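Report on one structure; see the data block that follows.
Each chain gets a letter, A, B, C and D, in the order it is written, and its residues are counted from 1.
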Amino acid sequence: MQIGMVGLGKMGMNMARRLLQDGHEVVAYNRSPAQTDALAKEYGGAIAAHTLEELVEALEPPRLVWLMLPAGQIVEEHIVLFTNLLSRGDVLIDGGNSRFRDDIRRARQLKKHGLHYVDAGVSGGIWGLEIGYCTMVGGERDMFELLTPLLTSLAPENGFMYCGSHGAGHFVKMVHNGIEYGMMQAYAEGFALLDGSEYGKGLELSELAKLWNQGSVIRSWLLELTENALERDPHLINIAPYVEDSGEGRWTVEEAVRSAVPAPVLTLALMERFRSRQSNSFADRLLSALRNEFGGHAVRSAEDGAADD
Amino acid sequence: MQIGMVGLGKMGMNMARRLLQDGHEVVAYNRSPAQTDALAKEYGGAIAAHTLEELVEALEPPRLVWLMLPAGQIVEEHIVLFTNLLSRGDVLIDGGNSRFRDDIRRARQLKKHGLHYVDAGVSGGIWGLEIGYCTMVGGERDMFELLTPLLTSLAPENGFMYCGSHGAGHFVKMVHNGIEYGMMQAYAEGFALLDGSEYGKGLELSELAKLWNQGSVIRSWLLELTENALERDPHLINIAPYVEDSGEGRWTVEEAVRSAVPAPVLTLALMERFRSRQSNSFADRLLSALRNEFGGHAVRSAEDGAADD
Amino acid sequence: MQIGMVGLGKMGMNMARRLLQDGHEVVAYNRSPAQTDALAKEYGGAIAAHTLEELVEALEPPRLVWLMLPAGQIVEEHIVLFTNLLSRGDVLIDGGNSRFRDDIRRARQLKKHGLHYVDAGVSGGIWGLEIGYCTMVGGERDMFELLTPLLTSLAPENGFMYCGSHGAGHFVKMVHNGIEYGMMQAYAEGFALLDGSEYGKGLELSELAKLWNQGSVIRSWLLELTENALERDPHLINIAPYVEDSGEGRWTVEEAVRSAVPAPVLTLALMERFRSRQSNSFADRLLSALRNEFGGHAVRSAEDGAADD
Amino acid sequence: MQIGMVGLGKMGMNMARRLLQDGHEVVAYNRSPAQTDALAKEYGGAIAAHTLEELVEALEPPRLVWLMLPAGQIVEEHIVLFTNLLSRGDVLIDGGNSRFRDDIRRARQLKKHGLHYVDAGVSGGIWGLEIGYCTMVGGERDMFELLTPLLTSLAPENGFMYCGSHGAGHFVKMVHNGIEYGMMQAYAEGFALLDGSEYGKGLELSELAKLWNQGSVIRSWLLELTENALERDPHLINIAPYVEDSGEGRWTVEEAVRSAVPAPVLTLALMERFRSRQSNSFADRLLSALRNEFGGHAVRSAEDGAADD
């Protein structure tokens, strides 16, 4: 099957490779041409397009164009550009981490131009090339069926699913990432407790992660990654305690608030990431200031005094 | 190898079977004799002991006695009983969910009688018979080595580990369960959001759990169990929203507090279980009462008024 | 000073009374006329308007119109209506709990019609009549100055403030309510612990609230209200554990997420309110189901078994 | 009335002064004699004791000895010392922040020696001299009645209370401090949001705190202290974001866990203090490491790529 792939980053490049390996024809475009050319030169490689116009011309209608771009403004811009470049009946797939509410709006706008829009939530990260990408699809069902040969190549066995109408793919992916934040935080707190308690001091944490992956209740792929990370750097001394977040964790919290569904753990996991990026917390300074206000000087000598409030 | 197994509940019974399957000799005791006799009658079965004295007599010194009892008073009582029944050089293993601080005390006391004490944290639940039990061991290292043939039979490949001196096995198991609570809560909140949001309404949640187990970042054994549970009862209508906790989640929080290591997600996961068991929360009644105090009657008609505070 | 007051609910009615008591001329309107007429009949009462047109006609330009309506669609509708009824130079004040982002948009739209917009966050609830309303004002500074005589009558001494340009009043009020949720939850949890612990069983909680208001660190107006509520109903047996939330707590969380400022306690306080309204939590059912999946039946007899995982 | 005061720190010194001002006779002891002598030299001052023996001798039986020492080992040591120094019928009062479980044990032990034990939770901090100390008393009721003249002098009007048998005073004080942590955190998060959001940038936070103390729902003594702190240092630039905790917040969490009463906000407030003291969080490093494991390099250029998972 023929497809245009726009964006050859860590995700898009390997997704293109999986498609090529399965015999699909990939017309590839990336803003900086080095990746495009590299992919074209690989064995059984892609057809290089150096402009979006070239990409559109190289595809036969009805064209399938898969956007694999960082979420946000860049996706929006490309959708505007393709609205003008594509023809009635063509299909635009957004495989990035867009907000599902944007999908609903975009699908409506593109429909006015006779274009189909599909939202695809894609999980798997840099391991997807080998294992396949778990893919959650939203949009018209017949578009999902049209894409099935490509999804079959991209995903592991049983690894793609039609989740519902426009936005459903990214909605499900959003919740997936919310859960991911919560799970990661659970592991992080547990290992931090082992690291920080006198009773866990002697443990080789990577060996423990490995052990727990053998039959314990908490075995998981994230725990396998924990094993790898701790094997490489047992005390994580080369890693800064600075944790980014992408939009999806935030949207999960916002949707929980909108739906009035409590999600305390998913929310706290997000907020801990915010906290990790603060070097001089105002809240903590105020707490410390207040303790001084009611209890006197912060530094007390044991022999002098009593209860500080 | 020969071992005495005390307690043939869901865990102990199947652990005995795994040992028997591997050719070990198991002398088995259970308070109610039905299980003991059942196990004795199985092909290649155990030697039945109907009293602790019989069990001790049936074992050759140095005796290995594995306690697989519910955590708490019952374990304590059996340790006292065996202190009197066993002889110098014998080994008592506690495979239940004891608190690691108890292990340290018990080991010291048993040592005075010339007895060895080993604490073993065992994970795997009812799936352990088939998959093996992930086992975390604390105590003297040469006792761990002595037990290795048994642990090899009990655990999956690479599924047991020496964690350190007395208490280390249960300490590690405690943190394991703390993480387990956090992970379970993360999944529970995510699926509840899917269930409670208008955008997730049409989804078949068991299919989604299945999908996510194919290559997604959040794939895990707990997610496989989620798949099973949702397949059997897609909307969980036959399940009460009442969640028990065992001691280990609580101890994890207590140790986090003692060590001053923040563990907000593990803690909240525990407290959500407490919350699930409250049918008429005093805190919520007070909140509601306070809203009345400052804002007037709880019921307001839209046409009448404004901000309630 | 002359002002039109639209909305005579629990807040608007008493605010009108405070203005009347200070000699201001109030033209009053309420959707259902009973309140309007009641207010007109009071000593030194308001001028009754039974339509918005009557209200506008009764006011001399530049007109001041204060909306005291429930947040949401109703406010939006009235702003549209007044956009058509008012004349260049008139001032529309929204004293309800609107979202500050709406203020920014409204101010821009009203400016096109030559109208001024002021957002006023008002706190004090049903006690405001007696104590005065703490008022946080956003908009053009000269409009704030124009309103000062009215604000002086509405608020206690030093109880109003110019917070910044459009939206600033409601932004500050939003954070105020976020803090309010957190404080209320802190008290609620503390008293619930006293109620739920064996060591707090004998305590007369209303007396304790009263005690704590005498010189303790946690004394506050909310604690005085707690005292009142517990005096009236010592065990809160007539109150349902069902806690509403208004928009402001939710927006606080959303703004925290947007600004990447951690606000775990404010967020949890909100989510506890969501939780209070769930009678059959899906999350808890899934947790319970999962425990069954790995640990076997939920009901275990003490004599039979061991660790459930 | 005559009393011995042991420990002249920030609390004990001022408590002695309040007692002296009301005409009580205070025999004072402090480990370092400077405070003792200073207090003795004040107008209407105390009788100086330079050893515990001197203190005991200067008191007439039945002696009242009030310990105002930092919680922990020092209190324990003094109780042992006084067990030997005091005579049958004497009364030992612990006014520090002891754990209520210790009170129960101590009362039992002292009773064997014919000594009475009273636990008194005291709140008010450095403001107590002026305002009085809110005092929560546990022990035998007739001891409470015996102490009433002293408590009347120490506390503001209606500011002391009999809370129940041994431990009840410190139990109630413990919950008080738990609530205090939650309230402080609520304010801290709210002000941090004002500080961290673009919409709060121009606000003078001390003025806002002052405003909120005039009639708003969240007015409180802690908010008055916030006002003071922000007036002195508007951006808190001279304060380190490092927040200590004393034992009582921790015990509150432990008791919540023991009683299975959810206290998420009180708990998080404590854990945020732990967090404030971490300069290189292991949990955050693991989170960051995991993001690298599944998503590739942390630094991505916008033009290259897409979704990181």
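Basically, a contact is a pair of C-beta atoms (placed from the backbone, for glycine too) under 8 Å apart; a residue touches a chain by one contact, two chains touch by 3 or more.
As the structure is a computational prediction, the values presented were derived from the model and not from experiment.
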Open item on the list: Looking only at residue numbers at the subunit A/subunit B interface, is the share used by both copies over half or under half? Answer same or different.
Closed with: same
Task: Gap in Å, rounded to a whole number, between the CA centres of subunit D and subunit B - done: 37
TODO: Indicate the whole-number Å distance between the mean C-alpha point of subunit C and the mean C-alpha point of subunit D.
DONE: 32
Task: Residues of subunit C engaged with two or more neighbouring chains - done: 123-125, 177, 180, 185, 187, 189, 192, 196, 217, 222, 256, 258, 260-264, 268, 272, 275, 283, 294, 309
- [ ] Work through the pairs of chains, note which ones touch, and then classify the graph as line, ring, star, complete or other.
- [x] complete
TODO: Sort out for me which residues of subunit B touch subunit A in the complex.
DONE: 100, 123-125, 128, 131-134, 136, 155-161, 163-164, 167-168, 171-172, 175-183, 185-187, 189-190, 192-194, 196-200, 202-203, 207-208, 210-212, 214-223, 252, 255-256, 258-266, 268-269, 272
Open item on the list: Taking the touch rule as given, give the residues of subunit C at its contact with subunit B in the complex, in rising order.
Closed with: 7-13, 30-32, 35, 68-71, 74, 95-97, 122-127, 177, 180, 184-185, 187-189, 191-192, 195-196, 222, 225-226, 228-230, 233, 236, 239-244, 246, 264, 268, 272-273, 275-276, 280-296, 298, 300, 302-309
TODO: Please name which positions on subunit A make contact with subunit C in the complex.
DONE: 217, 245, 250, 253-254, 256-258, 260-264, 267-268, 270-272, 274-275, 277-278, 283, 294, 309
